[in-house]
Structures are given as structure tokens and as C-alpha cells.
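Please find the structures below.
Same chain, two partners: subunit A is paired with subunit B first, then with subunit C.
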Partner chain A sequence: MLNIAVCVKQVPDTGKVRIDPADGTLVREGAGAMMNPDDLHAVEAAIDLKERFSGTVTVFTMGPPAAREVLIQAMAMGADRAVLVSDPVFAGSDTLVTGRILSLAIGKTGTFDIIITGVESIDGNTGSVGYQLSEFLDMPLLTRIHSIEVAGKCVLVERIYGHEYQKIEVDLPVLLAVNRQTNTHRHPGLAAVNLAFEKEIQVLTMKEIGGSADDYGIKGSPTMVVNYESISHKRDRVVLSGSLDEKVDAFMDVIRKHGILRY
Partner chain B sequence: MDLSYTPKQKMIRDTSRAFSRDVLQEYSTEMDRTGSPLPQNVMDKMAEMNFWGIQAPIEMGGAGLDSVSYSIVIEEISRVSAATGLAVTVHNSVCLAPILLFGTEEQKERLGRDLVTGARIGGFTVTEPNAGSDAASIQTRAEKKGGSWALTGQKAFVTNGGTGGIFLVAARAGHGGNTGVFIVEKGMPGFEVGKIEDMMGMRGNMVSELILNDVEVPERNLLGSVEDGFRISMKALDTGRIGIASQALGIGMAAYEAAAEYATQRRQFGRSIGKFQGISFKLAEMKTALDASRFLIYRAASLRDRGLPFSAESAMCKLHASTAAMDVCREALQIFGGYGYVRDLPVERYFRDAKITEIYEGTSEVMKIIVGNAILREFGKY
Partner chain C sequence: MKGYDRENSEVGTWKGVMVFTEVQDHERILEGSLELLSCGRKLAERLGGEVSAVLMGLDAEQYLPEVERFGPDKIFCCSHRALKHYDSQIFPDMFTALIREHRPSIVLFPASEAGSDLAPRLAQRFSTGLTAHCTGLEIIDSEEHGQGLLLMKRPAFSGNVTAEIICPHARPQMATVQPGVFRKDEPGAGNESRHIKIDFNYDLSCLRIRSREAPLRWDRHRVPLEQAGVIIAGGRGMCSKSEFEDLYRLSDLVGGEVGATRVPVFNSWCGQERMIGQTGKSIRPVLYAGFGISGQLQHTSSILDSEIIIAVNIDTDAPIFEISDYAVYEDAPRFIRCLIERIEKEHPPGT
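This part shows the complex of A and B:
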């Protein structure tokens, strides 16, 4: 029976995040929160493996108490257990410290055959937690997964590499990073959502995972986000006129002039 | 008084919204253009979402949700497809809910489970060609014959008529003017689906006539007793009106959000049209009307969940929400100008869909009668 872990993150609802026109910073207030989109596909991949090959799924998230909601959402989709890794000292942790915290929490919780994460989060976009977990847990990482099969003590993965699929066989345990190219995630039923709110969530704090306050948060982080800036592109608007042939010729001139075509 | 959603209600909203966007939206234009219903595989996916048993007990296969959550689900579906929202709310609120509330354990087990799982779709009908608001003048008769009832008559404008399998049918029973509610099942000899209506809006819902030619309905399919029929019908409509109001809210929200987004993008006279007070005032009025609808709906829903009387509040929320939906859709279309009038955009469909919410499950005029009577009872001798 497979023991599968999934790491998910609660992020601001980017559909509602605004840019402050005064200084270009993100205004998150009032934006609401949601599960990081790639992580929805990670949960789906885990549940799909559980259904096809038999197993249990434990979902982890690091965040404030409000992050419980993404765990509940994952349980509504079919995860069996949920772990909230939360402590005020974790606030402000960069991706490296986040990866370390998650790896400690995973180690404290059990031994897993497959760990699945999303490729990247839409708020930070560093895409590095999967790689960090791979180092901390000493597990191979495969990214950009198209399909996953399990055969005995191995996973068989098809991944997208440029314009090709690669087929790779990897011994368990293994880390996989997925996104919307991997699957179409399910929508949990209303009954599943209702029942998920009754399920228990285990909480791990610094006390359980070890270390001291200096190891975490801003103090423990070698990097920090200094500034967000929105970049806007001015678009030139050129209207081509004339017959269709004339417009095509004019269009070809424009794209040659801008070096888009080199013949 | 905390008027914000609980975390569970938020998740219900987000889940319903995502499903409606990802699964239902692609069918909404075609349903409107062709008048065809949703394909069966989509109906099955809705069953997996527990949309056919939103408030039914979880042990029956339902979702076991509260009435505010119910309203949220209907609103989210209706934002994307009002015709689908109509199918879901009529099925849940005026067919399944009365069976769960007034039915015997045998009826709940035999019929309720099929409804909750979506194996059969439900409908409810009082209206006849010559009996609309004057519900007391229905002509469909139920005559006792041995251990059964024989129903004869014609029903009009039956939502889910063409796709439904279980219908609550109001009929005059025996002598003495009682109205009974009979559970009529498709396939019973003498039961026939008549003309499918070609409607201005809600296209894709198979609203139809039902023809009853001496349909033999067993005694075990009588809901409550023949003395209960009027009360059961009125209670059913009290609940149904929360659903219709939610549907109207969903249509209005879709129109409002489309108009608000358009107003920030459409540029005339060197600025976005939303910068002109003529447009921003419209948007302000639309938002205010929709928010008021929302909280009137939630008040009626909350009263229902607490087991308190809610007939007047239900009538008020339906009256307000349907009026608001029509006003909002009209103004949204106006904001879009010529683009609102063409069928390339869904705005004109919202406008056509909204109108019926002022009519079915009790016209706005009847809603005012209900509320007016409640006021007179409250303030003096009536």
C-alpha cells in the first residue's frame, strides 16, 4: 500500500489582488485566499494514485492557522490525513527555510513512498521548494510530469521535456512536482466538503519539529523579498490598410523590421 | 450579528463556482441557442457533486447542507446557466424537500433516494392552462378507485417536465374541495409529457405540459393526506421561493459583473465609461440592489433553518431579488450598448432569463399579496 504525501500552499486569490498604482506594490487586503493552483493538481495526482494503486494520502501545509482551509479542501478531494505546520516563529521564512520546515514535518509524520508538490506557487513563483525538499529528504525529484504509474517498488513517469516525452523509471521513494499539464483536478462534492470540516487536523509547531527561533522566519532565512514591482509594457498600435495582399506585405515588412523573421 | 460567510459556506461557494465555470459554462450558450437540455454525462457529474440532494441527509447520499449554503449553490450555478440553476432548485426545493418533510419513511426510501442521487429528476406542478395565480381553481381531479387514485387533467409550464421522472402533482381530491399532492411517476400508464415550451429564456430547461389520462396513482404515492395538500403546496413554495430568489441573484450578479468589467475597459471620449457618473451611478444602484437581495434571501434561509415561520420573508426575498435581477439586467444591457443587444455576448441572455423569475413560483403581484396580508395580520384585525 502506498504512503503518499502532498505539500500544498495557501496563496492570495490573484484574481482579486490589485497593484497599488502609487508604488507598484501588491495590495493583498480583501483578496481572499485559495489553494495554489499547481497544488490542486498535486492533490489530484495523489488521490488518483491512491485510487488506482491503493494507499493513503497525507497533506501538509505550512502557514498560519487560516491555512487550515487548504487542508480541508484537500481532504474534501480525498486526502486521508492533514497536517498543519504552524508556529509564529515560521512567519517570514524564505523558500529554503520553508523547505527545511516541511522536510522536518514530513520526517516527523511518517515514511512516505511518494511526495508530490506543485511546480511553483503563484505568489512567490520561485518554484524551488520541490528541489529543496529533494535535497533535505535525499529523494530524487521529477518535474513537469505528464503521467504517473506505479509498478512494484518503482514509479514510471512520463514527463515533458521540450517537445518530447521522456519515460523514466525511478525506485521509490520519489518526489514529483506537477502542474496543470499533469491532470485535470476534480471538484469535491458538496457532501465531501461538509464532512471534511469535521475531520481532525494535526498541528506541528516548532516544539514538535525541533530547532530554535533563530533557525526559522526572517532570522533563519538567507534571502528576503525586498520589493514587488509591476512591469507594464507599452503597446504600439499599428493599423494596416489596403487590400488583403497589401496588408500581408505590410505585415511581413513590420515583422522583418523587428527581427521576428530573419529571411 | 455576523453577516459574513462561515469557512464552510465559503468553500461551498468556491467549489460550486469552480464546477459551474469548469463544467457547466461550456454548455450554457448552446443550451440557450438550441433549447437542448444538458447531456446526461453532465447531469451525472452534477450528481457526483451532490447537486441533486443539496440539503438531503448525508446518509441518504445528499450533502446535508444548511439553507444559506443551498442559496449559494443555486446562485453560483445560475451565474453560469440559469436554466440549469432552475432545474436544480425546482428538483431540490419543491419536489425532494416536500417528500423529505412530509413523506413517509417508505416514500423517502423509495423515491427520495432516486431524487437525491439524480437517478430521477423531480418537478412540482399546480399550474394549469386556466389556473395560474388562482391556484384554487385547478381542474385536475383525483378520484378514489379501490386502493388507488385516478388522476385526470392537464398541467402547464412544468419545469423539468421533459426530463423529470417524479412529479408532485396538485389535484382536487374527492368531494369537498380538498387538494391533494400526488407523487406521479413517469411511466405510469396514462401519464404523458405534452408540448415542450419554446421559451424566451431559461432555454435548455424542458418546461412542458403534463397530460394525465386516468393515471392510476397508488395510495402509497399520496403525500400526506388529501386534507394536507394545500398546506404542503404552500410550504413547498415558501422553500422554492428562496431558490428562485437565489437564481435571480445569480443572473443579476452575472450581468452586473459583466457590466462593471466592461465599464472599466470600454473607452469613449478619452476615458473609460465607468468614469462617467451616468454609468457609475448605474453600477452603484445595481450593486446595492443585489446586496439587498442577498441578505433578504439569507434572512429567509436562516429562519427556515431555525424552524421559524418564513412565508412573508420568503415572499419578500423573491419579490426583491426578481425585480432587482430585471433592473440589473436592463441596466447592464444599456451599459453594453449595441454589444449588449447582439447574441455574441451573454448579456442579452441574462436579460431574457431574468424575466421569468418575476412570474413563476408565484408572481411578484402574489408576493405582494402575501406580504401585505402578513402586515395586516401584524398590525390589526384582518
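This part shows the complex of A and C:
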């Protein structure tokens, strides 16, 4: 019986996030919320392992109370248990502190054989949390996985590593980071979502995982964002017009002007 | 688990810039590492302290002359069979020892597969900050946070925003940097780096990943889009594989490389190595010409460093036109056929 954990994150629709011009802070209101796309593949990987090798899947998320939505979505996909790791002091945590919080929450909840995360979030875009979790939990991290089998106390994995296609064997417990190149994820039906709404979600606050306010959030994070800049990439948009031939002429003039196709 | 050490006085005792000088696959020094050696020199000139290169690989000594050309004050060199490929246990352990002993204020890594594994692990071990995929680095003096801090810029929110980040209290300040952000710069004759040999005495029996079979070479066909001076890119508007293939003819005529958005790759009109719009692959050609490309953010955020952007699309509302220097409202395959014909007429092959 495998004990599988998945870490997911609720993220805004990154196309809709705005910067407040007054002070350079992020305005997330109105930006919508969804499960980070890579994390959908993480949940899928967990459910797939559960279905093939039998076990239970516990899904974790660190976030504000609204992040319950992604836990419900994961349970609708087939996760058995959900843990919301939430406390106002966690807000503003960078990747290091996030990794620390998740590893403490996982440790407090159980002993897991396989822990799965997405590779990168669409808001932070760092891709660092998986590697830092690997250090906090002292487990090897496997990425770019083509296939995975569980054989007793180890996993047999085929993966791409650098310029090689490898077949490797690793003792449990292991950490996996996955994305859309790993699998195609299922879409739960309405009935499954409704059932998931009924399930209980365990909440872990700072009190349960330990430590003090200085260890978490902005205070506890070694990196800090001093400014956000919205980028305008507008250019002149000079229209090359006329007949097809005239447009081609104009195009060639432009590229010649920039050193291409000179005589 | 304790947080990082907030003792400000500690910060002053960390000095210099250390650069992960990655050897790729026993073949070459990664271009991005050479760029970071040049960047490191500029940072060290501003801040004081030395630049040290960390070179680990099989027969690593063969790369010493090349690394030396980019002016580090010191090169830590370790050579061993087990270092031929990056390893998630060996490299972090060895690098940790170097950081502990030499206490650099800044450590830079190329945002390669190896650098992106190594950097966060080291940051965790030192409970320090890592800024990944940086697109800019500079030194700032802040009244509030301190003098001589590394300011790290990186895209966030899928490229909609640039975040400016500092790591005021923890050390070292760490950054992984996209290739092509900094230019390589050889300081000229007369630079001599001190070579410091590091012994390899790692206990290989504690490696946790065991090989079941000899690995197969997985050669992604290398298309050097990041180095191309001219990029001819095609998207959905190219309509079919055979029309997409006209791009290769055009590209040959203008001395460029062919790129693509997701649609041609998903439709198997070309291979994935041509896709512009993956994480970490950004291009900076003199000319980018996009044919039948509407301009989804994932693609356009990777082309913004192009000197000139020309877009050809029948849809006058295509978002790509917002970021174009020149706009052509025309059916892309038709335009390309006419363009190729014209170029071949005026520059017949063989002249």
C-alpha cells in the first residue's frame, strides 16, 4: 500500500494580474484563480500510481482559505485526503520558506513513499520548490519522467537526464516533479466535484507545524521583492501597405536596411 | 528548523563572486557560464573581492585555458570520472564545501538543467535566497536595506511583469541567469588566474540513483535559435506542413534559422527544437519575422529582445502587431511565396 502525497498551488490567471501604478505592488483581485497547470499533472500522476499499485493520495496546498478550491478539485480527480496549510503569517513566503512549510506539514501528516509536485508555477515561475523540498525532505528528486513502476521498496523509472535516456532504480521514498510532458490529466465530472465538496479538509496552521512568525512569510524569507514593473513592449507598428508586390518590396527594403540581403 | 541568520555584521564577511562554470557533457564550457564570468568581473569591480570559477568535470584541466580568457582571479578545478555528468548529490556536496570555505557574497549559475538543480539545493543548505531565471543583475545601494546589494531582475506572472529582488541579509546571494543576458567579454592578454586543484574524495556508494541499463544518447537535434541573427518563425497561419516548409527556403535565402510557435510543433509540421516559447529559451536576433503568428504571450515574451520584429498576418487584430516594428496585413503563405520568388530573382543562387 503506497502512501502518496501531492503538493498543489492555487494561482491567478497570470494574464490578468496587474501592477498598481501607485506603489508597484501586485493587484490580484479580479485575476481569477485556478490550479497551477503543472500541478494538475502532479495530481494525475498520483492518482495513476494509486490505481496501478494501490494506495492512498493526500493532497496538500499552502495558501489562503480560498485555496480549498484546488483541494476539492484534486479530490474530485481521486485524492483521498486533503490538507490546507494556511496561516496569515505564511503570506509572502518565498520559495525557501514555502519548501520549509510544506516539508513540515508533510512531516506532521504522515510518512509518505512518493511525493509529487509540479515543475513550475505560472505566477512564481521559479521551478525551485521541488529541488528545495528534495533537500528539506532528504529525498531524491526525479524529473522528466517517461514511465514509473513501483517494485517493492523501490521505483523503476525511465527518464531523460541531460543528453541521456536512462533506466534507473531508486529506493523509496522519492520525490517526483511532473508537468504536461509527463501525462495527460483527467477532467473530473460534476458528480465527482459535488462529492468532493462534502469531504473534510484538514487545516494546519503555524501552531500545528511549529516555529514562530519570524520564521515565515516576508519576515522569514531571505529574498524580497522590492519592485514590480509592468512591461510595455509596444513598438511602432509601421504598416507596410499596398499591393502584394508593394508589400514584398517594402519588406525587402526593411531587411536590407538592417544588413540582410545587401549586395 | 531555524530561519536564516539575520545578523547584519555577518554580511560584510562574505566577499567576491563565485561562478558555476559548467562543462556540458564532456564537450564544452557552457556559453552561459562564460557570460557569467564576464558579468562576475563587472560585479566584482564594483563591489571589490575576487571572481572565482568552479570547474568540475572529467579531465577538467583541458578547459582551464578557455576559462582563464574570461578573467577569473581563481579557478577551483576538480577532475574525476564521476563528474563527467552533473549529479544531484555530488555537485551540491562539493560546491557546499567551497562556499563554506571561501564565503562568496554572490554565486552565479547558468539557468541550465544542471544550474537549475544545483542552485536551489545550495540555497536551501545555506538558508539563503535564490532568484531563478534572472534577466538582469546590478549592484545597488539602498538606504533601507544596505549598501552593495545585488539587485536581481526576473520575469514573473508568465512574463507579464518584471520582479526586482534583493537578498539583503542572507549569504551568499544566489542567482541563476538565462543564457544570452550578458555578453562574453575577454579582458585581453595578461590575465592569469590562480589554479586551485580540488581533490575528489566523494564516497560514491551513497549515491541513491542506480542505473539498470546503459543509457541511450538522447540527442535533441540542436538548433541554435538562441544564437541566430535572423529568425524566420511560423505559426498557425502557415496552414499546412508543406506551406510551413517554405519557411526553410526563405530562411536559407536570408541566412536565418526557422522557429515556430506551439501550433506547428503540435501538428508535427516541425520538431519541438524549433519552438520558441518554452521556459528559458529566449532569442535575441537582429531580425525576427513572424509569419501567420497571432502572438500568444508564451511566444511573444521570448522574442522581445529582437532588434527588429516584423509580423505578417491576415488578422489585423493579432496581438503580435502590438509589439511589431513593421506590420504586414497579408496571408502569410501567399506573402512568403511572393517574397521567395522576388529574392530568388534578384539574388539568383550561385551569385
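Convention: the second predicted complex is superposed on the first by the 208 of 263 C-alpha atoms of A that agree within 3 Å, B and C clash if a C-alpha of one lies under 4 Å from a C-alpha of the other, contacts with A are read in each partner's own complex, and residues count from 1 in each chain.
The definition used in the following text is that a residue touches a chain if its C-beta (ideal position, glycine included) is under 8 Å from a C-beta of that chain, and two chains touch if they have at least 3 such contacts.
Treat the numbers as computed from the prediction; the structure is a model and nothing was measured.
Of the two partner chains placed around the shared chain by superposition, subunit B is the only one that A:69 touches, whereas subunit C remains out of contact.
Looking at the superposition, the partner that touches the larger set of subunit A residues, subunit B or subunit C, turns out to be C. In the superposition on chain A, contact of A:223 is made with subunit C only, not with subunit B. When the two structures are aligned on the shared chain, A:1 is found in touch with neither subunit B nor subunit C.
Judged by the touch definition given at the top, the superposed model places A:251 against subunit C, while subunit B stays out of reach. Using the contact criterion defined above for the overlaid structures, shared-chain residue A:193 touches subunit B, although it does not reach subunit C. Of the two partner chains, neither subunit B nor subunit C is touched by A:151. In the complex of the two chains, the subunit A residues touching subunit C come out as 12, 14-15, 17, 19, 26, 94-97, 99-100, 104, 120, 122-129, 131-132, 134-136, 140-141, 156, 160-171, 211, 214-215, 220-231, 233-241, 244-245, 247-252, 254-255, 258-261.
Interface residues of subunit C, counted against subunit A in their complex, comprise 1-4, 25, 85-86, 88-89, 113-114, 116-117, 119-121, 123-125, 127-133, 142, 145, 151, 154-170, 208-213, 215-220, 230, 253-255, 279, 286-287, 289, 297, 300, 304, 307-310, 312, 321-330, 334-335, 338-339, 342-343, 347. Note for the complex: subunit A touches subunit B at residues 34, 69, 72-73, 76, 187-191, 193-195, 197. Residue ranges on subunit B touching subunit A, taken from their complex, read 7-8, 10-12, 14-16, 18-19, 22-23, 48-51, 54, 58, 61-65, 69, 73.
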